[in-house]
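Below: the structure, in structure tokens.
Order of writing sets the chain letters: A, B and C. Residues in each chain are counted from 1.
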Amino acid sequence: MSEPGAAGPSPAAIQVSRIMRPDDANIAGNVHGGTILKMIEEAGAIISTRHCNSQAGEPCVAALARVERTDFLSPVCIGEVANVSAEITYTSRHSVEVQVNVMSENILTGAKKVTNKATLWYVPLSLKNVNKVVEVPPIQYARKEQEDEGKKRYEEQKLDRLETKQRNGDVILPVINPEPHTVGYSQSSLIHLVGPSDCTLLGFVHGGVTMKLMDEVAGIVAARHCKTNIVTASVDAINFHEKIKKGCVITVSGRMTFTSNKSMEIEVFVDADPFVDEPRERYRAVSAFFTYVSLSKEGKPLPVPQLLTETEDEKRRFEEGKGRYLQTKAKRQAQMQQQAAQQ
Amino acid sequence: MSEPGAAGPSPAAIQVSRIMRPDDANIAGNVHGGTILKMIEEAGAIISTRHCNSQAGEPCVAALARVERTDFLSPVCIGEVANVSAEITYTSRHSVEVQVNVMSENILTGAKKVTNKATLWYVPLSLKNVNKVVEVPPIQYARKEQEDEGKKRYEEQKLDRLETKQRNGDVILPVINPEPHTVGYSQSSLIHLVGPSDCTLLGFVHGGVTMKLMDEVAGIVAARHCKTNIVTASVDAINFHEKIKKGCVITVSGRMTFTSNKSMEIEVFVDADPFVDEPRERYRAVSAFFTYVSLSKEGKPLPVPQLLTETEDEKRRFEEGKGRYLQTKAKRQAQMQQQAAQQ
Amino acid sequence: MSEPGAAGPSPAAIQVSRIMRPDDANIAGNVHGGTILKMIEEAGAIISTRHCNSQAGEPCVAALARVERTDFLSPVCIGEVANVSAEITYTSRHSVEVQVNVMSENILTGAKKVTNKATLWYVPLSLKNVNKVVEVPPIQYARKEQEDEGKKRYEEQKLDRLETKQRNGDVILPVINPEPHTVGYSQSSLIHLVGPSDCTLLGFVHGGVTMKLMDEVAGIVAARHCKTNIVTASVDAINFHEKIKKGCVITVSGRMTFTSNKSMEIEVFVDADPFVDEPRERYRAVSAFFTYVSLSKEGKPLPVPQLLTETEDEKRRFEEGKGRYLQTKAKRQAQMQQQAAQQ
């Protein structure tokens, strides 16, 4: 919990534990990635809101701006306890970086496993004027290098957020009588009316609620494609460009973009429809890539049927997905070599 | 509660009370019709399951087969208590009729209002063999006429169930760039992965869970059409032809079929996709008509924009909807005259 | 958190934090006592199950046996964070005492308040044979006195549990057209079908789920009596005599027993109906006394209308309630004098 962090075990660190229930899991008993993402985000929202209000100043609520790429290292099961701990690892003038770690604990055997390490970026919005970003009190660093590394992470994510702001206009069009294993066959969407318990004090949807719905749709796309037990393997960086207000209807749509031998990549869009009290048009609020694997009854990875691409756009997206897949694979191998070299 | 019923205050009568919470309601504070339908069905399922297990015999669980047309007589608000009472009013060899009444109670002022009267039909399925219908213990009637009237209701609904079994094949096709107030503009659909808490002990979805999702989609269709605060006014008779198993993905789709000056009729379909462990194809599980009204901020009915029909099918469905509307109106007027004559 | 406790900051301590949502609260924004009780019990269940499995032996799940009298020291509001921390403070051969503290934190102002201190007793039941109580690994005490004090608390609660096992047979009968402020006027009941997410790994209801339903019914009784905003002030010791299995229907009934100038005492019963697959009769599973106060819009205590007792039983229960009220008052005064003397 103390890797790239603030000085010592900060008093600001927070821990959340919860027993995983049947409703948190699929029928094979594996807890949905979305349940974990929601717990991670709640811990992040508490610690960053607390920090941003720790000095006299304008009361504010921290809003999720971005989640860095997150891997699901091992599945969590019903009856296990998910222990989520969060701490603040960097602050810029207007944003807070939170590092969250999730451990699953089998309280019967005592076995513990690291299941997730996530990095979230929050921006504090004024309670009185939701369009105003307030200043973040700086944290103390144990060593100068920690601040420098944090600054580097900050600059990188800022750049990435600007870039992905471009990609969006896309809409998912329905297909009549699609063939199995085509994109149209598995694409899915749901609508959700944003209720009071989905929202922060500012009246905007918690990032974790959005991520849970995204994982739900992506999981249905994956299951429709391979008709087996599927679990979330990773989520690419997610940027939250636009807030979503209470009373909106959100449409969450997913389509498969790429398959490797043992994994599937699904692109998910969230569109908001402020249909009751506002003249505003439907807008794209969030988009992201989720990766799933297919598991046998014994929990072993199964081969995934190849995605059949038909249109030019589908072929292009498949190639782009392949690029992301190979890049991630190369990064992981580099990390493993580095770790091996350090031992 | 004792209108068309069993002798005296039956020991089998049950009552369910619950405070309405923010998540049970829309942003105007009106409780969703679907929340009420789900409570009604839960009370019905409990009382009929209890009755069917009241004599030595095969353990069984009552499954919802049909809900008669239900009117929402007055809106319920957050903070009020919904009091749902249920009693068994007729039994055939293989089915149970349950009469449910809902009263809303403002516990601060003590004011009470009848909000719903519903009639539900249940069929007991063996706990060991879900395809076996077990025998229902007969109830005692205070007077012979009660039994005769019950038998008449039983025959009528049986006939109606057979008829509606035909209507289904229909699918809701998406429309690109639809104009406001057309059918394509407001049509909506959601998908839901059936989890453990959605299901009975037999592992099949509670009828009330299905009805709640249907009301959710129908409400979004209505709100998209008129962009105001809308509330459920009534639900036509719903037949549950096919069971839906845990682990299925269900697609709930709604489209507007008819508008009068002050109301909208929305047709809702539920399709089940038993996609993980079964070779079975997607099938139509339920369909129904919901009627909504649009309310001003003061709670007064507003005029509804007329539905613009484009295709032949849309025009035909509009005429059929008009037929149902006029028939209901005529029935209501006849009832009122009858009541006036009796006073 | 370290008052009567185990040596040092035990690794076994656990913390749970959660933002309070609109659904956790009444319409005045005060979080339900039941929400807090449920969080307390979840923390207790995690820490005691973890401890009881910490040595090689039969896998087991800790079941709630008893909650000591609990005071709600200050109300919690929507948007605040409830921080629940639990540690084990005593172990006997077959039971575990857990001390839980709840702090509410306004993350905007940083203000923290102690809201509850609760003591819970758990008994570990074998995962393979739910009727077998397994042995509890002993904890280490920092000082001999801690063990002695723990043993004293253990003996006291054991005696009390035996006593209350007697009181039960009572049933709440409905009253036709009751007068305001009589017992019959405010008495209430609800039924709940026990679903999978209500249960532990053993398939029995979590104590916290039961307590939340009890608080819901007691709150309706209190609101019906005084027609104002009411909040939970305290809960008397609750003994869980009998387990409740998944698939049962539970009936939770409440009736007012006593009013002082500023408080109301409500007796709550939980009856379980194992109605499907078991031949067993309905049985009394839990009973308890809840105390509520009535608050003005500014959060100040209001006078409570006096309870009108009619029958001999009601008068007797009123006197008994008065006895408990005076006893608690005397104890609190004694404590305050002791604290004053120590300063």
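In the analysis below, a residue touches a chain if its C-beta (ideal position, glycine included) is under 8 Å from a C-beta of that chain, and two chains touch if they have at least 3 such contacts.
Quantities reported herein were computed from a predicted structural model and do not represent experimental measurements.
K.L.:
Can you list every chain that touches chain B and also touches chain C?
P.N.:
Where chain B and chain C share a partner, that partner set is A.
K.L.:
Quick one: how far do you have to rotate chain A to sit on chain C, C-alpha fit, nearest 5 degrees?
P.N.:
180
K.L.:
With chain centres defined as C-alpha means, what is the inter-centre distance between chain A and chain B in Å?
P.N.:
The computed centroid separation for chain A versus chain B comes out at 37 Å.
K.L.:
Going through chain A residue by residue, note those that touch at least 2 other chains and give them in order.
P.N.:
22-23, 196-197
K.L.:
Mind listing the chain B positions that touch chain A in their complex?
P.N.:
22-23, 26-27, 173-174, 176, 188-193, 195-197, 216-217, 219-220, 223-224, 227-229, 246-247, 249, 273, 275-276
K.L.:
Spell out the part of chain A that touches chain C in their complex, as residue ranges.
P.N.:
14-19, 21-23, 42-43, 45-46, 49-50, 53-54, 59-61, 78-79, 81, 105, 107-110, 127, 196-197, 201
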